[in-house]
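Have a look at the structure below before the remarks.
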Amino acid sequence: MDDAHTAGMSCPPRRLRVGVIGLGRMGSLHAANLASMPPVELVHVSDEREEVARSLAATLGAACSTDPGEVVSDPRVDAIVIATPTSTHSALISAAASGGKHVFCEKPLGCTPREHRDAIAAANDAGVCLQVGFHRRFDPDWVAARERIAAGELGEVYLFHTTLREREPPSREYIESAGSFFADFTIHDLDIARWLVGEVSEISAFTAGLSDPLFRESDHPDQAIIVVRFACGALGTIDNSRTARYGYECSTEVVGSHATVRIGRNQQRHDVQWLSEAGVRVDHIREFAERYYIAYYSELEGFARAVLASEPVAVSGEDAFEAFRLATDAQRSLELRRPVTHAGIEMEAESVSRAGRCDSA
Amino acid sequence: MDDAHTAGMSCPPRRLRVGVIGLGRMGSLHAANLASMPPVELVHVSDEREEVARSLAATLGAACSTDPGEVVSDPRVDAIVIATPTSTHSALISAAASGGKHVFCEKPLGCTPREHRDAIAAANDAGVCLQVGFHRRFDPDWVAARERIAAGELGEVYLFHTTLREREPPSREYIESAGSFFADFTIHDLDIARWLVGEVSEISAFTAGLSDPLFRESDHPDQAIIVVRFACGALGTIDNSRTARYGYECSTEVVGSHATVRIGRNQQRHDVQWLSEAGVRVDHIREFAERYYIAYYSELEGFARAVLASEPVAVSGEDAFEAFRLATDAQRSLELRRPVTHAGIEMEAESVSRAGRCDSA
Amino acid sequence: MDDAHTAGMSCPPRRLRVGVIGLGRMGSLHAANLASMPPVELVHVSDEREEVARSLAATLGAACSTDPGEVVSDPRVDAIVIATPTSTHSALISAAASGGKHVFCEKPLGCTPREHRDAIAAANDAGVCLQVGFHRRFDPDWVAARERIAAGELGEVYLFHTTLREREPPSREYIESAGSFFADFTIHDLDIARWLVGEVSEISAFTAGLSDPLFRESDHPDQAIIVVRFACGALGTIDNSRTARYGYECSTEVVGSHATVRIGRNQQRHDVQWLSEAGVRVDHIREFAERYYIAYYSELEGFARAVLASEPVAVSGEDAFEAFRLATDAQRSLELRRPVTHAGIEMEAESVSRAGRCDSA
Amino acid sequence: MDDAHTAGMSCPPRRLRVGVIGLGRMGSLHAANLASMPPVELVHVSDEREEVARSLAATLGAACSTDPGEVVSDPRVDAIVIATPTSTHSALISAAASGGKHVFCEKPLGCTPREHRDAIAAANDAGVCLQVGFHRRFDPDWVAARERIAAGELGEVYLFHTTLREREPPSREYIESAGSFFADFTIHDLDIARWLVGEVSEISAFTAGLSDPLFRESDHPDQAIIVVRFACGALGTIDNSRTARYGYECSTEVVGSHATVRIGRNQQRHDVQWLSEAGVRVDHIREFAERYYIAYYSELEGFARAVLASEPVAVSGEDAFEAFRLATDAQRSLELRRPVTHAGIEMEAESVSRAGRCDSA
């Protein structure tokens, strides 16, 4: 090793150069993860708030801009992570794809079926990868469970239950601009249902608005129960709450003919028990970032590795579209006050249901 | 933002340039962590096995060498991580310190009290930081527990129990070269005892060699119980096993006058339960790398941040020496078959106990 | 204490003299409990299978008969426990009440609303106590939870979930003769929903028959999900399975505005963990008798004490009727494939739904 | 069944007629259990406090007396349960045995080895059963664990840990009259060690008195750690505390070559979790009567059945003596400040250690 100091540098591994558009909570988290990810070089971040963009860029050693177009046209950028409001997703995906950039986009891909179809078509036409932010598919707990389900350890599925609750609701602005509760919140559960069990054939939704006048049964519920019937015959429920006080909860149970699996029964902040005259106490996980910090890292690492290896991404645009269509049907069930049969993906027509309208549409 | 593409690069944050000596299991893990750590630039790795060094250097984008001296003399290196066999620690620390490099060293700092004193003196004389690899002090669970103990929530400590078990013993070569069981294995628990409760005033050791002829009660036990009496009056036990079959276990209980805390009661590999006719089952953590991947990252990140900020490191050479001296007294208790009073750190003389002899010394 | 040997006998406490009709699984268990219950004297047991009656009577020191009428007319009997098939309940209650006997009857009180009304009226007219076997109301876990809910610790209820599953289905004979799944199985959960949260205003049922051709979606399901909306606005689900393989499960969660309570998260057969290379394992409760042995004892002890003290019983005939009516509405929802509004108890008319027909009716 | 009302009475099963001497906390509990135990008839209770005896006798339907001799000489009494202070045990056992009564006695059998030997000899000479109140041997959790250990599922034992803690210390009077801490409190753990693992060959004791001036390291500790070495080579610890605030704890771990078992990891008062902003909370078991209500019933039922069937009792006088001798050796270790080799039962000579002296002796 004559030239020890440079020998290792002769063939550095290729890294994916990534730009991030939208530096809200998720975008900032994604940018920080990308900056510490060996197969990635974070090169450009963008937010319409100049100070936010400039500050994060300085911290992470990236360029910055206030105009998303500058990221899209940056020749150094191989791939773009989109974490802007939903109403901008579809157009940004199309622009990025047209520029030959691979895309990782937060869910949902758009506010209407058409926006979904346009985004998927743009990526397909350009031959770029399009991955959607269903992060649970990258969480080690969920992956471990799914592998064993897939290996047949569970047998046939009979029942499915999943719970997604947050400690306290987001801001009024967020709620009023986020579109359908199902498309914004429940969509993660709808994806998990498909991923763990299979396609859904019927959906029934029940909601309530109980904690604050802001919440209403029909429009912006704070509690929801969705019953699904799967094509395989299994039944399932999704339980959502925006007011779970005790913490952030994301847990699932799948009951099968041979075994039952439970994910997330034990969501402690720390593996620490306090015992006193007041009882035995553990702290509960409080926020999604606490629960899923590995998953948020892994979904982007998986995206980068898939792009670098020219392999398919793990969560496709079609997956995003199908979960969105289930959310749309849940909204329709709510309005019709009865179960709604879920049509196969080819049969759907442009929906006019409320779930399809964002405030900006 | 006229020059968006470069604006963020104008003032990149200063990063600590680190070299790693010794690319065994811990050294490789440390190198990979350093390579993905924003405040660090991994610049040089070294191992006497050329292929190992070359391969890891290529993967992580660093220079490599087979001679530790090249890391020590590399002018780009600000700090060195030492993960070689114990018998080399003290001399490497002295060499690095003489070269003005900050040092992070795996425990213990040496095989004898003299080696400890030499290493500590070298770092002090050179004015460099010296941090020791007691990683549990950086684990979020332990930190959370200690903060609340320090805040007085526990009251006075009455009892302390800690358990460290591995699933299966290391290789015969490792066992025969690692020196005293207490200085190699129990030392983490001795440090945790001091960190959570305070100084130890008396120590009594009990061992057994039960699983294999390789293990003997006196020299290389596979089971050990150490009883400590703290200066504050509290009693404690340390439980060690090399043959815990079910997994890697590292857990602690501190019983106080107001409350009791338990760390590590719930060491699941995944937050996944399997229920079947065979019962309710979870997988147990199997290895230290699984349990402490955050702690191993955080101890180096803490080291880098302390060095960059010119602040004291969290685990000092004196901490390492004191834990080593307790290990020495445990060995003496074993030989004398009675409790041994632990002298204050100033009073100790060069020990001739077996614990002070490595095979290489 | 001159006459020590008899002093204590001078004023023995009054004991309730009880007869048991129907010595199947529950009846035998009730009889054994009654025989060891200080405030009770078991005096007479009856089953149409002479050998069963004779054998149990001998073991427990009671008289026996094959004709229920002999228990009803036995002048020594103060109260009768009825554990025969449902189709006989109403007539037996009426006969017992006419004879001035207090009655404890297994659920449901009958196969039709009319049978319920007749039974309740008979007890009212005779001025005897009528208690129904909703045993969970006597289980210490459920009682502890309810007390704290009632004390306001939970705040307003937002969500309710309850699960009742058995390890394997009962015999074909049982299933085909037991009437509606909801009236036979779900009825316990419908009662618990009312007891913990309050009256139900809407009910929607979903079922499946998946494990065996014996089970059909409409008639004899093996899986069921029932969604309830409470008068207070809260939403709830009931999950039932006849094929849970891993054991008997009976658990509940109530999510409130201040806190959430979970009952039965930890249904271990023994407080024993086994750790091995196969993981950490506990045995799950397997049968209702294992789970509720205290509750089955306590409901009868509570009945005896209420009768002896001339106080109201804890679970009234009206409670039984209301749970039955909810089961009837669940069946109607299944047939109509939509939510069914649950009418107040005064408004109901004689139902013709399938839930109202036992095979014997 | 012509004569239904009497048919069942023709051959009532034989019941053991039992008297209870000493109606303190344990004696009252035993009496209440005996009164509700089908194979037992409680016929006589005795306490030097006349009102206590009279009141309990009236409640339970038994005769009463203030003089234990009246129970011993009561011709109706087949067996006597002794729950008086330790200093009276040996003489009462001898008197009962001389009268041909079977004996169940609380631990320990006496204050000295001689008292133990006398009691055992008296029972042997009279040919009556003598069972000792090591109730854990009858608890379903412990029994389930031991059966699997005995079946070889654990393999060879390597480590044993057991914990016995009470929430708060007993009264000063109790502590000052109860004799050695080890003979009064630790004795249950010493018995469990023998029962689960086997004979002990060496014992080392460590104590502290920390919570109150009443407690002293040497005489009346409030914290204790005992290290045992078993004849099979395994190591073990016993942890005792009188000040565990959070509740009553009784738990054990046995680590073996194949598997590890943990008993009592989950000592919830109720299977109820409360989740709120303050965390996830369960209530801990608070007292031995809460934890072991089944065991206290079962040990007496087991005694009654063994006597009625002329079979050996499950816990012999020799078991009690051996646990007492281990307690004596623990006390000697404390005084000598070193490990004490435990001699085989035949080799012991009359001990003069403090453990052998009750205040009344």
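Couple of notes before you dig in:
Labels for the chains are A, B, C and D, by order of writing; each one numbers its residues from 1.
The definition used in the following text is that a residue touches a chain if its C-beta (ideal position, glycine included) is under 8 Å from a C-beta of that chain, and two chains touch if they have at least 3 such contacts.
From a predicted model like this one, the values you see are computed outputs, not experimental measurements.
Under the contact definition, chain B and chain D share the contacting chains A, C. On a Cα centroid basis, the chain most remote from chain C in this structure is B.
Centroids of chain A and chain C (each the mean of its C-alpha atoms) stand 44 Å apart.
Once the centre of each chain is set as its mean CA position, chain A and chain D turn out to be 58 Å apart. Centre to centre, using the average C-alpha position, chain C and chain D are separated by 38 Å. The set of chain C residues that touch two or more partner chains comprises 245-246, 258-260, 265, 268, 274-276, 283.
The part of chain A that touches chain D in the complex is made up of residues 245-247, 268, 274-284. Partner chain A is touched in their complex by these residues of chain C: 156, 158-159, 161, 165, 204, 206-208, 210-211, 222-225, 227, 229, 233-237, 239, 241, 243-246, 255, 257-260, 265, 337-339. Against chain A, the residues of chain B that register as touching in their complex are 1, 4-13, 35-38, 44-45, 50, 53-54, 57-66, 70, 74, 76, 140-141, 144-145, 148, 153, 258-276, 283.
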